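Next up: some structures, all given as C-alpha cells.
The two complexes that follow have subunit A in common; it is paired with subunit B in the first and with subunit C in the second.
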Partner chain A sequence: MRKYVLRRLLGMIPTLAIISILVFTVIQLPEGDIVTSTLDRLSATGVDLSDERIQNLRAQYNLDQPLFVQYLAWIGNFITGDMGFSYLYAQPVNELVWERLGYTLLITVCALLFTWLLALPIGIYSAVRQYSIADYGFTTIGLIGLATPNFLIALILMYLGYTWFGLSFGGLFSPEFLNTPWSWARFVDMLAHLWIPVVVIGTSGMAITMRLMRANLLDELKKPYVITARAKGVPPLKLLLKYPVRIAINPFISTIGLLLPALLSGEAIVGVVLNLPTTGPLLVQSLITQDMYLAGSLIMLLSVLTVVGMLLSDLLLAWVDPRVRYERA
Partner chain B sequence: MSESLLSIKNLSVEFKTELGKVNALNEVSFDVPRNSITAVVGESGSGKSVTSNAILRLLPDTAQISGEIILNPQGEDPLNITSLDERDPRMQNLRGGLVSMVFQEPMTALSPVHRIGDQVAEAVLCHRDVSPEVAMAEAATMLEQVGLTEVDKKIRMYPFEFSGGMRQRVVIAMALICHPQLLICDEPTTALDVTIQAEILVLIKSLQRKLNNSVLFITHDLGVVAQIADRVVVMYDGQVMESGSVRQVLKNPQHPYTRHLLASIPGAVTDSGSQLHAANWSDGAPIGAGTFLADAEEGRQVREFSQ
Partner chain C sequence: MQSLSLSVSRSQFLLSCFCLVVSFFCLVLISIFTKPTQAAEANNPANYPSAWLEPAKTASQLDITSFSQSSILEGKGLPPVEQRLPDDPPVIVPVDSIGNYGGIAHIIADDRGMFIAAEGLFTISPDLKTILPNLAESWSYNDEGDQLTVTLRKGLKWSDGHPLTTEDILFSVNDLQLNTNFMPVTLPNFIGLELHAIDSWSFVINFPDPDPFFINYVAQSPEYFLLPKHYFREYHPDYTDPNLIAERMEELGFSSWSAFMTTSMQKRLFPDLVNHPTLSSFKIESLSPGLYSYQRNPYYFKVDPSGQQLPYIDAIEAQDVRENEVAVAKASTGQLDFAGVRLPTQDIPLLKLGEQGSGIKVNIWNRLHGSDLSIQANMNYGDGQKRELFSDVRFRRALSMAINRDEMNEIIYFGRGTPRQVTVVPGSDYFEPEFATAWAQYDVEAANLLLDEIGLHDVNGDGVRELPDGSPLTLTVEYVDTETPKQVSMELVVSYWNDVGLDARQRLIDRELQYSRAISGELEMTVWHADRTTDILFPINPDFWAPRKLAASLAMWSEWSRWYLTDGNLGEEPPPEIRQLQIWADELATTMDRDRRIELGKLLLAANAENVWTIGTVGLAPQPVVTSDRLKNVVEFGLWGWDIRYTMPYHPASWYFAQ
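== the complex of A and B ==
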C-alpha cells in the first residue's frame, strides 16, 4: 500500500507539469495581454500612453520575454510558493488567494455533504420502493434540479428572500462582520449565509447522485449475497445497510475526485451571482483582464486540489473495499 | 414424533409478469422425513428452485403463493410457512435458525467486502444472544468441521481470496452453524469442478449423519441423487411426477418422464438393456429470427424416445 501511495504521488508530478503547460498556453491564447487590456480601459477614459511608456510597462511585467521564459519564471516561482503579482489588484497573488481558497473549499465540501446526505438516502429509498409514487416524485424533483442552471436557482432564491423576507443573501457575511476578526458571532453570521450557496451548488449534483445510487443499489439488491444474508436471518434494515448499500456506495467514494472540478466550476458562476468571497469570481475577473499570474495560479491551485482529491478518494476506496486494497498492495 | 419434518401440501406459485401470469408451481405436494436426505430432481424450469426458495420465503414480491408448507420442528410448535408475515419474528427464527440454505453460486453467495469469519459469525449473532467473540470462536470451529485448514488465518480473509470449493465450504458452514433442522442445498455443486463436486457431496452427507438433520437436495443430476439421497422427488413443469425412495424410483420408475430422465443420462442403460434412441423429431421452432436476421434456422426437439 505504501508503495502504491508513493507511486501515485510520483505520478502526480508529470500530470501537474502537463496541466501547467496547458494552463499557461490557454491563458496566452487570446490576443493581447494585461498591458493591452489596461490600455483599452485607459483609452476608453481618454488617456493615451506613449509607446515608450508601453514598452516600459511590458518590460516591467516581463512581457517582452519569449513565452517559454515567461512560463519557466511563473512555474518556477509557483513551486517555491511565490505565485507572482496580480496586475489587476496590485497585490501579490499569495495574499489574494489563500483566504478565498479556504471559503471555496468550505462551500464545496459543504455542498458535497449536502448532496450526499439528501440524495443517498433518497436513492436508497427509491431503489427499495422502485416504481412507487415517491420514487417517481423524487426523480422528478431531482431532474428539475439538474435541468435548472445553478445561477438561476441562486437568482430565484435571492429574489424570493428579498421580496418575502427583506433579506439580502449576497456574500458570506453581513456588512457589519465584513472586516472584523473571527468571533463566535461572525461564525454564526457566516453559517446563516453559507446555506444559500451550499443549497444552490448542491442541487445540481442531487439528481445524478440520487439516480446513480438508485441504479447501483438495484443492481446490488439482486445479487446472491443479499439472498444468502436474508436466508441466514439478518433483519431487513440491517441487511439493507450492511450489505447492498455498503457496496453500492463505493462508486461515490471513488468519484469524489471527479466531483471536485465540477463543483468548483459550478461555484464560479454562483460565486459571481451571490457575490461570494471565493476563488470563482476572482478567477472570472482575472481571465477577463488577462491577469496572467492570478489566473494561472488559481487554475493551478484548483488542479492540484483536484489531483490530490483524486488520490484521496482512491485511498478512501481502498480503505472501504478490500478487493481494491489487495489489487494495489 | 412420527410426522415428517417438512410437509408441502398443494403448493402453487404464480409469478406476475408483463406478459401475464406464469405458473411456476402447480399443486406440489411432498414430504421431507426427519434425519434423511431428500433429493428434488428435474430439468431447468421444472420448479425445483422455486420450491426451495418458497420454503424460506425468498421469492420476489411478484410471486403469489398458495397451499401449505408445514414445518414440524423438534421441540417447537408446527409452523405454516406460507402464512407467515415478512415482519413476523418467527420468520427470523425460520431463516437460518430452523431452516437454512446453501446456494448454487459460491462465487457470488458471499459478500465481497466482509471477512469470512464475520459473515459466518453473523449467523450466530442473528439467532443467539452471545458475544461477538463467542460467535467468532464458534465460526472457527464450524469452518474446521467443513474441512478448512489454518482457520485462524482464514477467518480474517475475504471471499475473493478463496477458491470456489473453499467458498462453498464457507457457505455450508454458515448454513449449519445454528444447527438448523432442515438444510436446503440448491444445486450446491453445479458451479464447481467435478473433483470438488464429489468432495462437497461427501461433506454434506457426512455432516447430515453427524448433526442428525434433514437435507433437501435440489439437483438436475440423477447421478448425484443416486450417490447422496435417501428419497427422491421428480419434478417437471412445476409438478411432481413421482416420489419415493431412491432405490424404488431409480430401479423401477413408474412415471414415463422419470424413465425418459433416466434414459437421458449418457451411457446409462435402461432396464430393457438398450440405449436410448431418439425418434419422432418434432416441434420445429425458428431460432435466430428477428428484425435483423432474415433467415431463421430451425431447431427441433426430441419428443419421444424408443426404448
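== the complex of A and C ==
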C-alpha cells in the first residue's frame, strides 16, 4: 500500500511538469501581454494608449526576456513556494491567493455537501420509486438546474434575496460588516449571504449526481442478490442502504478528484457575478489581462488539487470498497 | 442580421439577456419616461454657478477669517485647521447649498475617480474651454509661447502635513518623466522640456517649441506633475542607496523601483498605497479584498463660503464590483450614493424604475463624446481593391448616408442623443453646425447612386453588390464592445448597409487584438468612440482628424501615422491632402495666434466633414448618473467624459449628505 502511494506520488511529478509547460504556453498564446492589457484597461477610462508608454512598461516588467527564461524563473520560484508577483494587483501572488482561497474552499465544500445531501437521497428515492410522479418531478427540477446558466440563477437569487430578505447585492457581507473584525454578528451576516453562491454552484451539479445515483442504483436493484435478500425477508430499508446503495455510491467517491476542479471553475463565474472575495474572479481577471504569474500559479494550484484529489479518491475508494483494494503483485 | 461573432464572451451574452429584459421594461416605461422637448445645450455655462466659470475667489478676497473642520478630526492630535489650510485657501461655492459635515459614502470602486476629483496645478471650467487655477495660483506664458511661469499657492500641504513646493514638481518631471532610466522613451508632451525653480513657490518651464496648450495637458492629466518628493525619494536611486532600494523592492515584491513608481503613479491599489501622501479630498485608509476605505484628507486645501474645510463627507467605502449588471442592480435599489461609470445607457429605464421607491435620483448627463461611434474604414489596408475602395471618398459618403441615425437615436438612446458625425461638441470654439451634419442625412437613394457610380454592381443577381471586377465584396467590421453601446449600434449599422446591397458583417474581437491589429494596419474596418472632442483635448490630440498617432482607437491610417512618427523612415508617405492635415495639426498645437488656431481647427474639422475619414453615428448621448436622495450638491446636468475627468469641473468635494 505504501509503495503504491509512493509510486502514485512520483507519477505526479512528470504530470505536473507537463501541465506547467502547457499552462505557461497557453497563457502566452494570445496576442499582447500584461502591459498592453494594463494600458488597455487604463484606456477604458481614457488614458492614452500610445506606443511610448507600452515600450516603457515592457522594459520595466522584464517582459523583453525570452520565454523559456521567464518560464524557468516562474516555475523555479513556484516550487519554493514563491508564486511571483501579480502585475495586475501589484501584490505578491502568495498574499493575493491565500486570503481568498479560504473563502473559495468554504463555498466549494458547502456546495459539494449541499449537492450530495440533496441529490443522493433524491437519486435513491427516484430509483426505488421509478416512473413515479415524484421521480419525474425531481428529474425536471434537476434538469432545469442543470440547463439554466449559473450566472442567471445567481442574478435571480440575488434579486429574490434583496426583495425578500433585504440582502445587499453581491459580496459575502453586508456593507456594514465589510470592514469589521470577525464577530458573531459578522458570521451570521456571512451565512445570510453564503447560501446564494452555495445554491447556485450546487444546483449545477445536482442533476448529474441525481441521475447517476438513480441509474447506478437501478442497475443494482435488478441484481439477483437483491432479489434473494428480499426473498429471505431482509427489511427493505436495511437491504437498500446496506447493499445496493453502498455499491451505487462508489462512482461518486472515485470522482471526488474531478469534482473539485469542476466546482472551483464553476465558482469562477458565480464569483464574478456575485462579487465574492474568492479566487474565481481573480482567475478570470488574470486570464483576461494575461497576468501570467497570477494566472499560471492559480491554474497550477488547481492542477495540484486535482492530481492530489484523484489520489485521495482512489485511496478512499479502496477503503470503502473491499473489491477494488490494491493487491500486492 | 449577420452578427457572426464567434468570440462572444459570457458577459456579452449576459448583456444580451439583459437587453431582452430591458426592452420589455422599455415598453412598460414609455409612459413614465417622457421624452424631453430639447436636450440641454451641451456646455451651456448658464447651468452652473458663475463662480465656477472663473478663478475661485480666495478666503481673503471674500473676507472669510475663521475656519472650521469636521468633528471627526478633533482630538486626533492634528494642528489647528487654520494651520493645515494654505495661507489663503480657495473658496468653492456649492451649486445648491452650504453643506454639513459627516457621513460615509457607499460607491463602487470604479467610481472613485469621479467621487474624488483629481487635483492638479490647474483645473477645468464647466464651459469645457477655460483652464482655471487650482493648486497653482497663477501662470503666464511669454509672448513667444515657449516659456511658462507658474506660481503655486503658498502653504499647500500633502495629506501627511508635508508642504507642497516646486521641489515636488521638479522631482516629478526632471527625475521621473525626463529620466531615461525610468522612461526609456519620453512621452511626447515632455520631449525637450526644461524645468527650473525660481523659488519654493514658482518655477519656469521652457519648451523647445511654443506649447500654448501645455496647461490643458497639465490640467487634464495632473498625475504626471505632482508626486511627493519627500516620500518617493526613498525609492529613487538618485537620492537613496540602490542597495537599500533593492531591499525595499524585495520586501514590497516589485521587480524594480521603476515598476513600483509606475504602479504608484497609476494609483493602482496595493497595500503600500495607504502610505502615499495625496492632495485629493480623500486619502485611502485601508484595503481588503473587494473593499477600499477612504478617509477625508485633513490637509485638503479648499473651503466653502462659510469657512468650513472641504470635503463635507467624512469617509468613502468603495466596493469592487466587476459586473455592470450588479452595479446597475445596486444603483437602482438605492445601495449606492453615487454611480455613473458602470451604468450603461440601455439601463436608463431600469434605473428610472428604481427612482419610484428606492430613494435615488437618476440624473441624465450627456457624454461628451462627439459621437458614440467612430466607424473607420482602413485607407491603408492591404494593397488590393479594398484599399482603393476605402480610399474613395464616394464610398465613405455612401456608407455614412446609408445609416439611419434618427432611428438609432430612438432605438438606443430613447431619442435623447444627437445624430452627428465625428466632430467637436457644440459650444466649442472650433464648432460649425455643418461639421456635425455633413453627409449625415439618411438617404438610401443617394447612397445607392454613389455605390453604382463607383462600379459596385450586383453582377450575379443575389441582391449583394460585387466588386468592379465581379469578385465578391464583404465588409468585416472588427471591434471591441467597450465604453459606449457599440454592439447594439453596429447591429443596426450593419443592417442599414445590407439594405444598400453591401455584405457587411461584424465580429467582436479581443482588446489585445484590436490594439496590435490597429497599429499594424491589419483591421479592415473598426469602431471606436470619439472622445477628446472638447476644447480641452481637441487642440492637443486632434487624432480623428489628422494621422499623427498609432493607437487602438485609430485604424484608418496607421501607415501615414507611422510615416509621420518616424520622420518618413517607416510607413507610407501620405498623399498631399493628408500631409496637409498633419501640418495643420502641428501648427494648431504651437501657434500663439488665437484666430489662426481657430482657423486651423476648423480646417481640420471641415476636411473630415468633406472627406468623412471616420463616420459618426449619435453623439452627446445620455449617461445615467445616479445619486441617493440624501446626497446633495451634485449638478443635475453635466457632461460626462475623460476630457474633463468626468466630474472635475463640478466640484465633488462640495457634495454632502442632508441630515
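Just so we're on the same page, the second predicted complex is superposed on the first by the 297 of 329 C-alpha atoms of A that agree within 3 Å, B and C clash if a C-alpha of one lies under 4 Å from a C-alpha of the other, contacts with A are read in each partner's own complex, and residues count from 1 in each chain.
FYI, a residue touches a chain if its C-beta (ideal position, glycine included) is under 8 Å from a C-beta of that chain, and two chains touch if they have at least 3 such contacts.
The model shown is predicted, which means the values in this text are computed figures rather than measured ones.
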item: Contacts of A:Gln55 with subunit B and subunit C, given as first, second, both or neither; value: second
item: Subunit B versus subunit C as contact partner of A:Pro175, first or second or both or neither; value: second
item: Partner chain in contact with A:Ala90 - subunit B first, subunit C second, else both or neither; value: second
item: Dominant contact partner of subunit A by residue count, subunit C or subunit B; value: C
item: Partner chain(s) touched by A:Tyr243 [first = subunit B, second = subunit C, both, neither]; value: first
item: Which superposed partner A:Lys232 touches (first subunit B, second subunit C, both, neither); value: first
item: Touching partner for A:Val273 - first (subunit B), second (subunit C), both, neither; value: second
item: Common interface positions of subunit A, toward subunit B and toward subunit C; value: none
item: Of all residues in subunit B, those that touch subunit A in their complex; value: 56, 58, 86, 92-97, 100-101, 103, 105, 108-114, 122-123, 126-127, 158, 160-161, 171, 174-175, 178
item: Partner subunit A, residues of subunit C touching it in the complex; value: 10, 14, 17, 106, 113, 183-188, 253-256, 258-259, 262-263, 266, 268-271, 286, 288-291, 293, 317, 319-323, 325-326, 329-330, 333, 335, 341, 482-483, 510-513, 515-516, 519, 531, 549-553, 565, 641-643
item: Touch list for subunit A against partner subunit C, complex; value: 30-32, 36-37, 40, 42-46, 48-53, 55-57, 59-62, 85, 89-92, 95, 99-100, 151-152, 155, 158-159, 162, 168-171, 175, 178-179, 269, 272-275, 277, 281, 285, 290
item: Residues of subunit A that touch subunit B when the two form their complex; value: 223-225, 227-236, 242-243, 246-247, 320-323, 326
